[in-house]
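First chain written, first letter: the chains are A, B, C and D, and each begins at residue 1.
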Amino acid sequence: MEKVLDLARANSIWPMTFGLACCAIEMMSSAMSRFDLDRFGAGVFRASPRQADLMIVTGTVTKKMAPVLTTLYEQMPSPKWVIAMGNCAISGGPFVFEGQYNVIEGVELLVPVDVYVPGCPPRPEALLEGFLKLEEKITGTRRFPGPENRW
Amino acid sequence: MEQIGNMIGWETVKMVVGLVGVLAFVVLNALILTWAERKVAGHMQRRIGPKEVGPYGLIQPIADAIKLLGKEILTPRDVDKPLYYLAPMIIFVPVLVSFIVIPFSASLQVMDINVGILVILAFSSLSVFSILMAGWGSNNKYALIGAIRSIAQNIAYEIPLLLALLPVIMMTNSFSMRTIAEAQSGLGWFVFYQPVAFLIYFIASVAETNRTPFDLPEAESELVAGYHTEYSGMRFALFFLAEYTNIFIISAIAVTFFLGGYQGPFLPGIVWFLLKSYLLVFVIMWLRWTYPRVRFDQLLNISWKALIPLAFINLLVTGGLLKL
Amino acid sequence: MNNLQEFAPVVLFSVVALLFTLAPIVIAYILAPRTKGARTLNTYECGIEPYGSAWVRYGMHYYIYALIFIAFDVDVLYLFPVALNYAKGEKPDEFYALLCFVLILALAIFYAWGKGVFTWKRKFSQ
Amino acid sequence: MVERIKTELGAALEGIAIADASYRERGYHLSLEVAPGELLNAARFFDERGFYLSAIICVDYREYLELVYIFSNHASLCKVKVSLKIDPAKPVAPTISTIFDCAYWHEREIREFYGVLFDGHPNMTYLFLHDGIDSYPLRRENIPVSDEDKRALGSFKPGEGEDTFFVNLGPQHPSTHGVLRVVLKMDGEYIEEAEPVLGYLHRMHEKMAENRSYQQFLPNTGRMDYLGAMSFNLGYVTAVERLCGIAVPDRANYVRVILTELNRLSSHLLWLGAYLADLGALTPFLFVFDDREQINDILEPVTGSRLTYCYFRFGGLYNDVDDAFVTGTKAFIERMRSRFSLYDKLVSGNVIFTNRTRGIGVITKERARKQAVSGPVLRGAGIPMDIRKSEPCAAYGEMNFEIPVGTRGDALDMYHVRIREMENAVNIIEQALARLPEGPIMTEKVPKKLKPPKGDLYHTVETPRGELGIYIVSDESDKPYRMKWRVPSFSNLMIFPELAKGNMLADAVAILGSLDLVIPEIDR
């Protein structure tokens, strides 16, 4: 039963419409004509966290944004996942320097992160790979086995 | 005595079979339509849409459904619990009841109630009620605005909807869906006699189902998700299910009233009926992916300034032509 | 008797509809995992704590529409029995009756129109 | 013009020395220093002569704080720097928000970053920073925020009232395009008041500038306005070149124009799609992304990135364009021309669209000046002002294009202005391609460590959203002493509250869209 559920979950990941910064544009790109997230059933962007499965943290999280982000995460119904997209979400990226006063150095300090997608900003292909990794994490099997498994 | 008992028995069997059939159809229809909507949207937007989950992405809606089944249902703290719980249940009643009188073919109908269309119209008001309950019960501001918009919208479009159906009733002298369908044998479809009424009905019914360009109650760019903002998991899915079934129902009514119902050459009645209905459903999807949303005052005024006067004129012309 | 029997499916379908909606919710309660955060059950408002409840006086600028609607809806319902028996009479009397009725109804719209009910003024305070 | 202003100014403000400045090196024509008591007189003087307040900049020189007011003119090129010295121990200055409305926002910003109290300012609450901040971030010394200030500043709180209906639009909201938050006070569908709350993406660019060398700051420019990265890149590079007196070879200048215009095109395209998505039509969004991908296909091999370009270097370019770029761009121009007619059919003629936007969010010329809006919003309001024409950098001076203006100043006009600008961009690219000279792309003598001569510079360029002003103070070290970014979206947003007032919620979304905001740029 759990297996069937997981399979369904992996094939129907609805992300939340939640753009923070530059990476949000690439997130949109990946849902658009050329990359088309909807192929994997993940193209249903829901604006309300109540109906979303996945939060893609697309950009720098500031200290002012942090409580908002955790609230949104908590308001999502479980099971829920988080993708940290871009260097800013992973570690604060280029905005970490001595004397910085406004950036959270990595979103994992706020919410549990399932998949990290590095890049500044990551290409849409990278985000797609992130989705496949998330599916692999949920079901235990990879959708398109990589070249190393194919040969 | 025995005869009556037999009759009730037979009727009951028919009813139960119909019920099971309708339930199966409702679920199947919603699955097909969600898949179709994503596919249609995809192809209109130069992409493919669901593809990887099953052949042509056909298993996609099933995956979505199972996922929603396994999703936590949250009840926010500040909601009005009775209203909040009841809303997604009540929205389902008109959906199911409407199917009783829809004639899928000459013989395939749960029961031909002689006031068939009135049953549908009467029950369809319940869905407004449910949306108001959802919006008010959620204690969420977006939901409230969405719900109130929805009421004003339904109010505005119910009258042209009724007025557009009246000429057909005048021509057939019947409320029975099957009689109306039968009256259009050959190519005597009412759409040829009543093109204006058909257009008014179609516009009004698109508005009644809250579809673009009249999707103000759930306008994403203004109200996040409108009246179902606070609903999660299966409760949200019920709203979704009702919405897609409603699209089919209004198309079915349009087919029965204006497009000759199940009548057509060569193919069996049910095939014609579904073919015509889904064609209309496709047109509604097409509208959604093409047009921007109207503003609230424009929405109300389209109805009050254009559709209602037009419907009145159409009614009078029909009345005059029938009598004079 | 027979008339009421006709509506048995309506009652049955209504009850089944209510029960049918219960089933998936119950299944979901059994299947779904549960989590609770401090703010999970707070009202959603773009991630911000909402200012006050949504249950306050809400300025509905379209209550006039509602008033017209009530008048209209009832009147349009009168037309349904008329329509049902319309073609049965031989004489054109019905048409004249209909004409009068509809014209009076239409008058209400034009009156409201003239009164400016259908124009939405922007409210500029400057 | 400059001479006339100088004599009139001398007559109006007696006893104040007005210095001529070299426009080529400083970016302004006149500079004068006033005492706090005379600031209002000076501001009134510029207001009467139709100037607008381009920016207010605060610089901390340790011994004193200097407030710099840049006044500029839409009609003819004349920029005046007015400076005011205040005591860092007790920083108080008079507000000029009573004369120039846009000063209201600039002064709030300075208050929270420098702690300068503006006398007579109606609202001095935090705009950008979070409540937990305990010092003034841009001060050179660590000045703790006093408890009194903390209470006074605190973040936005709406007024009390039982029956008021407040709605948060954002920070997570589909139509605010990012993390902008607007608190709306509603009366049914109508908006009574709108209050933007910023800073959800404040990434300390100005603070970083003080910690990094000129070269190290280059990548930041692309991350400020991620849609018009090339323009910001161009602005910064040309500003530093102007400060150091570096000449750029011709070919580099032409390539700069081509790439900036391609980027402008893609930025406007995204605006078009997002705007229509705001209005409820989702499909055009995907159509414009299709075009954007074509642009990315051209830019990616040359610049190496898809979004946050960092391609221009001090003295030239990162690498040269090749033949594939030229043919690709030519093919793209052909394709784009056919797309315009498609958008025209799909959008411009759509009844619902025109009815949603006509007469909505009308900006008059006077309000546009007072609020210092710029770019397409300003041109939509009917003022033909384009910095590419008035202060051309790179090879813009040799390009031939007209400036589209609106007649009504509403959202529909801004749509038409942007569409015309896209067509202009295509024309400019074509002209630049036709004249693209051969030659080097980089000047020979650019030192590894740039150390510009002492002085300041206010440099402006036209980005897709409007006037970008970069104010750099150099102290002869390899790091800028102070770098202030006057960003277009910040000024354009500030007209939103007055536009939204009295309109419906759906109109507010249409107005917000017509301003074309990019949030990281506002918050910096």
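By our rule, a residue touches a chain if its C-beta (ideal position, glycine included) is under 8 Å from a C-beta of that chain, and two chains touch if they have at least 3 such contacts.
Because the structure is predicted, anything quoted here is derived from the model rather than measured.
A.B. asks: In terms of C-beta pairs in contact, which two chains are most connected?
C.D. replies: The chain pair with the largest number of C-beta contacts is B-C.
A.B. asks: Please compute the C-alpha centroid of subunit B, do the same for subunit D, then give the distance between them in whole Å.
C.D. replies: Whole-Å distance between the two chain centres: 48.
A.B. asks: Just the number, please: Cα centre separation of subunit A and subunit D in whole Å.
C.D. replies: Taking the mean C-alpha position of each chain, the two centres sit 31 Å apart.
A.B. asks: In whole angstrom, what separates the CA-based centres of subunit B and subunit C?
C.D. replies: 14
A.B. asks: Which positions in subunit B touch two or more other chains at once?
C.D. replies: Those would be 45-47, 69-74, 141-142, 220, 224, 229-230, 233, 296-297.
A.B. asks: Among all residues of subunit D, which ones touch two or more of the remaining chains?
C.D. replies: 165-167, 171-174, 189, 286, 290, 504
A.B. asks: Give me the residues of subunit A that touch two or more other chains.
C.D. replies: 5, 17, 32-34, 47-50, 68, 72, 75, 77-79
A.B. asks: For the protein chains shown, what form does their contact graph take: line, ring, star, complete or other?
C.D. replies: Graph shape, chains as nodes and touching pairs as edges: complete.
A.B. asks: Enumerate the contact residues on subunit B facing subunit A in the complex.
C.D. replies: Against subunit A, the touching part of subunit B is residues 38, 42, 45-53, 57, 59-60, 62-67, 69-74, 220, 224-225, 228-233, 236.
A.B. asks: Which residues of subunit D touch subunit C once you look at their complex with the stated criterion?
C.D. replies: Going by the criterion above, the answer is residues 158, 162-173, 181, 183, 186-190, 501-504.
A.B. asks: Over in the complex, which subunit D residues touch subunit A? Could you list them?
C.D. replies: 129-130, 132-133, 135, 137, 155, 171-174, 177-179, 199-204, 207-208, 211-212, 219-220, 223, 226-227, 270, 285-286, 289-290, 292-293, 306-308, 519-520
A.B. asks: Any idea which subunit B residues touch subunit D in the complex?
C.D. replies: It comes out as residues 41, 44-47, 141-142, 145, 149, 212-213, 215-216, 219-222, 224, 289-298.
A.B. asks: Residue numbers of subunit D touching subunit B in their complex, please.
C.D. replies: 165-167, 173-175, 189, 276-283, 286-287, 290, 350, 352-353, 355-356, 504-507, 509
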